[in-house]
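Below are two complexes that have subunit A in common, paired first with subunit B and then with subunit C.
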Partner chain A sequence: MKNLEEPVRVVHAVVSKEMKIMFRYFGVLVMIASIPFMFGGMMMGIGYAIAGPSAFSNFTANTGVSNPLLYTVLGGVLMIGSMILVENTAGIIRDEQMMGTFELHYLTPNSTLMLWLFHSLSTSLITLVIMTVDVTVVLAWQGSLLSPVEWLLAATITVLGLLPLAGLGLVVAALTVRFKEVWAAASVVNSFVAMLSGFYYPLEVFPRVVRFIAQFLPTSYAAQALRNIFSGGVSSLQLWEQVVAMTVLGFAYLVVGRAFYLRWENEAKRRGELSKY
Partner chain B sequence: MKRKGGESFQNTKFTTGVRTGLLELKAAAETGVRIYFRYPAWLIADIITTPAWLVLLVLPILLFLPREQWTNQETLTMLFWGWIFWDIVSAGLWNFGNAVRREQQTGTLEFLLLTNTNRAILFSRDIFSRFISITLSLAYVYFFFTTIFGVQALILNPFGVAASLLVGLFVSMGFGLVYGALVLRFKNVGPLNNILQFILLGLGGAFFPVTSLPEYLRLVSYALPHTYAADLLRHYGMGTETLLPLPQEWAIMLAYTFTLLVLGIKALETVEKKLKRSGQLGTY
Partner chain C sequence: MKDAIEASNLAKTFVTREGGLLFRGKKRVVEALKGVSFEVRRGEVFGLLGPNGAGKTTTIKILSTLLLPDAGDAWVNGYHVVKEASKVREAIGVSLYSDRGFYWKLSGRENLLYFARLYHLDEKTAKERIKYLFELLDLKADADRLVEEYSTGMKSKLNIARALLHDPPILFLDEPTIGLDPNSARKVRETVLELKKEGKTILLTTHNMFEADMLCDRVAVISKGRIVDVGTPSELKSKVAEHKVVEVTLLGFDDKVTGKLSGVQGVIGVAARVRDPVAGVAEVKVVYDGDSSIRDILTLLLNESLKVLSVKNLEPTLEDVFVTLTGERLEES
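Entry: the complex of A and B
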């Protein structure tokens, strides 16, 4: 019982600390929640200005979805969630180093790996809140509401799709923490995750080789699955198949991330480099 | 020395004259460029990520067109120039505020404000590195755009393009100075600037001529300086018709640029003065 109680306490501590920090900067939170609308709105506006009145019917013909607002907002929520998650996980060690609090974590009896992963969990929870608010706004504006079953499904898919990216964040952190430019590396990862996940377009627009690579991103399944739930997008996979793919990929990402991180940490401890930056 | 209520701002004798101004500009430029080249990973990351961001921006817009028009040269060139203009607008909007915020966070703001340097020049250092990054990005964005979308974006009049980009940058710097003043006063106002950026890009017709907007929005567009900067850019880049006769558009642009820069500098000055008077300069 005690074995289970301790990690739960650590999760509680990390998540409440992160939530306090995030809600301290409420304006930033509002901005993050509004980015899917701003970015989606900009795309729809440009699309309409260029294509004219047939813009939305063209969109339906190209995507199989008749609701571009919901489509772009869902994509935007996942994109912003994935970016924050990779950036936070990759940057948390560097942040702690810069504040001079990194070494203090080694004085606690907790696993540092778990500490960083729990930070990612907080980011996923924030994304869930943003997804709930943004999707509810769009649905309410169009005269419907999110049912509890839909929300539960969407929440599960969002967490399953995003949390594995913490593994990528750990790889970036482990590879770059000594070279100080963690955020530049995280930006590279983010740009390709965003492009290959199909947040704003169906992956069918890409050549076969790009689609093949996209299969290895959990976020590409999450984007498809969320669209299927809310806006009736067309997908070649059943929902359960997408969930299985995300679970398998999630496991693989976290195992790889853990291996990279522990290798860096052990090496740094051995050479006395943990506090050398 | 007669003290005026302990208000240090009134005792500050700001530098004047062309030579001192140029020296200050030189110092700001050196600092900005040194910082830029100290982090080469960012430059490399910018180049590597450009194709991904291009696809991410352009493809969703093309979804609103019939598939046979996805390779339309005019549309793609318009999106190319829109992309470049976005870079320019964001450079002008964010630089001053970011510089002020960085100095606040590193605890060096108060020391800088003890100097008699022109405040606008003091916080303009990133603009100089952005000149380098924007010039570089123009080259690699063009390369990637041509490679990915298979069309060569038009650059009919390079000097006209450079002039309209420059004036677009300066007019954005006017807004940027006001943002810098707000950061000095309220610290964390990034969200506001972000919203402003999307408004300026959307209603200023960065990616399309504002004539395709509904009439009630067009009225707002005509009041924005960015509308004319983007219009001039498309004119010199692609040969499109301008909204107003050319001399008139340039006159409007220059008047806007001058007014906004003066207002921005004044805003920065007023906020500094008020903060010094109320003792809030170092509160953040």
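Entry: the complex of A and C
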């Protein structure tokens, strides 16, 4: 890419294509936007069924959060966003192979790895749209709205927390494409990410070993940081630490994903597997 | 380098294993290319003529940098396909499928715009180019319909339009008319001739002898991973002009018959196409020389206890060149 205009055109191409396709399956978009409410409602219902009227005060005492609905909806947005991102990135080779578009990207003057990462960026942006809609609904119902600064911070944290998962998706893609079990492998990865990120509960309730593992997931920092932003209970130093941790992890995830993908790509070009599906 | 494309001793072997992750099945080795060499001159339409499995698509994929050769070298527009792959990609447009290669939930125009942006075309140039290509390929009226509503012929034309987006000097078309209705196939052939007038170099693969004869300045006959002959269609046909061709329809055919026919004095090539495997009905094409050969051919068939359903004398065609050179029939696939 010779100048800045060329990568901008490529990002424009990928993002506008992905957005158009996503908005043409509008029902799916509505379903995805409603999932955080469904899980949030379930969590609150289970809590109420177990602890009775004191459930909410117990929740506040254990988490320091006075707004359980916002807490669970934010967790739900991150969970569904991370699931879609891992699944889309892991499945991108096979999906595009089945459409016959995979090889065509190799004929364009771009790094294919960057092209797939731009696809993951599109998924992150769609998650932002969902977060904006869902959080606005919760806040508006409770009589307040997001300020532009809060939204910008939340958007940055969401993208920083989710985008590194593309690296994880690329690892799954590279390892599983030959065996055509991409979605099963992606679902296993998603289960662990969902369980260990503290989307619906504070990680402090888990044993030390689980908290140790969670340190290596960018989504666990994103979940914590987003809640802190919306509850107003975060110092700029804490936020800065979380952003640095996410950035470092993001870099590491993407480096590992890149290594696995390039190895697969080289083998696929030798074996004639770029177009096999 | 004066030639647009040069392939020298290209070889490719595919090794596959049947079975899953835990139980790896039998190893299968397929020698797709066994030292393929040819040159394509600038501005010419060059055809790779051969049946399925002959190595046509493998050749195109190596030349378009999608596949690494095991041995040999190739240059496209003067650039080496392995060492200077990005330079090669800038110079080529590739149409690999007739009915795939698109996002079904996008319109034809949106699909082309997506790929135009990936080729770094600015918005104005991209839109003008897409408009021109829709007109060239007779797709203007359907430009804004979703690709999921397109017919196979429309998708094939859209594939060619996509390959032409960045106006490359060299075009690779892999079986551009396969599965198309006669009208769409005619339009695709007209477009190929139009592009030739524009000065583009075109390498197309086909197993349709009529197409090769009509479109190609020169044709390479490829069979089982080897180029068996190269020449203009008339040069190739002149090789069988003195020969005679007979097509015999037989009942009770088995594979041994072709071998026995090949041994008859004066027989140059034999190829069979099984029409009805259950009943054993097959059409056997025999290219031969000399007046006495036909008597020996028919005597052999009658002695084999076969029922001869019909015997037709035919004018030699490009397919007969293929039969003579390879002992295969193009339409077998």
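Here is the rule we go by: the second predicted complex is superposed on the first by the 267 of 277 C-alpha atoms of A that agree within 3 Å, B and C clash if a C-alpha of one lies under 4 Å from a C-alpha of the other, contacts with A are read in each partner's own complex, and residues count from 1 in each chain.
Heads up, the rule we're going with is that a contact is a pair of C-beta atoms (placed from the backbone, for glycine too) under 8 Å apart; a residue touches a chain by one contact, two chains touch by 3 or more.
Predicted, not measured: the structure shown is a model, and the values here were computed from it.
Chemist: Have a look at subunit B and subunit C on subunit A after the superposition and call it: clash or fit.
Modeler: Aligned on subunit A, subunit C fits beside subunit B.
Chemist: Please indicate which partner A:Gly272 is in contact with in the superposed arrangement: first for subunit B, second for subunit C, both, or neither.
Modeler: second
Chemist: Quick check on the superposed pair: does A:Thr156 touch subunit B, subunit C, both, or neither? Answer first, second, both or neither.
Modeler: It touches nothing on subunit B or subunit C.
Chemist: Angle at subunit A between subunit B and subunit C: what is it in degrees to the nearest 10, using CA centres?
Modeler: 80
Chemist: Answer with first, second, both or neither: which of subunit B and subunit C does A:Ala51 touch in the superposed model?
Modeler: In the superposed model, A:Ala51 contacts subunit B only, not subunit C.
Chemist: If we overlay the two complexes on their shared chain A, which of subunit B and subunit C does A:Thr136 touch? Say first, second, both or neither.
Modeler: Neither: A:Thr136 stays clear of subunit B and subunit C.
Chemist: Does subunit B (first) or subunit C (second) touch A:Thr101, or do both, or does neither?
Modeler: The answer is second: A:Thr101 touches subunit C but not subunit B.
Chemist: Which partner reaches more residues of subunit A, subunit B or subunit C?
Modeler: Subunit A has more residues touched by B than by the other partner.
Chemist: Looking at the overlay, what does A:Ser191 touch: subunit B (first), subunit C (second), both, or neither?
Modeler: Touch partner of A:Ser191: subunit B, not subunit C.
Chemist: Does the superposition put A:Ala13 against subunit B (first), subunit C (second), both, or neither?
Modeler: Once the two structures are laid over each other on A, A:Ala13 reaches subunit C alone.
Chemist: Just subunit B (first), just subunit C (second), both, or neither: which does A:Tyr25 touch?
Modeler: A:Tyr25 contacts both subunit B and subunit C.
Chemist: In the overlaid three-chain picture, find the nearest pair of C-alpha atoms across subunit B and subunit C and give that distance in Å.
Modeler: Taking the overlay as described at the top, subunit B lies 9 Å from subunit C at its nearest C-alpha.
Chemist: Can you give me the overlap between the subunit B contact set and the subunit C contact set on subunit A?
Modeler: The answer is residues 25, 179 of subunit A.
Chemist: For the complex, give me every residue of subunit A touching subunit B.
Modeler: Residue positions touching the partner: 25, 27-28, 30-31, 34-35, 38-39, 41-52, 54-56, 58-59, 61-63, 68, 72, 179, 181, 184-185, 187-188, 190-192, 194-195, 199-201, 205.
Chemist: Which residues of subunit B touch subunit A in the complex?
Modeler: Those in contact with subunit A are residues 39, 41-42, 44-45, 48-49, 51-53, 55-57, 59-61, 63-67, 75, 78-79, 82, 188-192, 194-195, 198, 201-202, 207-209, 212-213.
Chemist: Hey, which residues of subunit C end up touching subunit A in the complex?
Modeler: Subunit C residues touching subunit A: 12, 14-15, 20-21, 58, 61, 64-68, 86, 89-90, 92, 94, 96-97, 100-106, 110, 113-115, 117-122, 162.
Chemist: Okay, in this complex, where on subunit A does subunit C touch?
Modeler: It comes out as residues 1, 5-6, 9-10, 12-13, 16-17, 20-21, 24-25, 99-101, 103-110, 115, 179, 269-272, 274-275.
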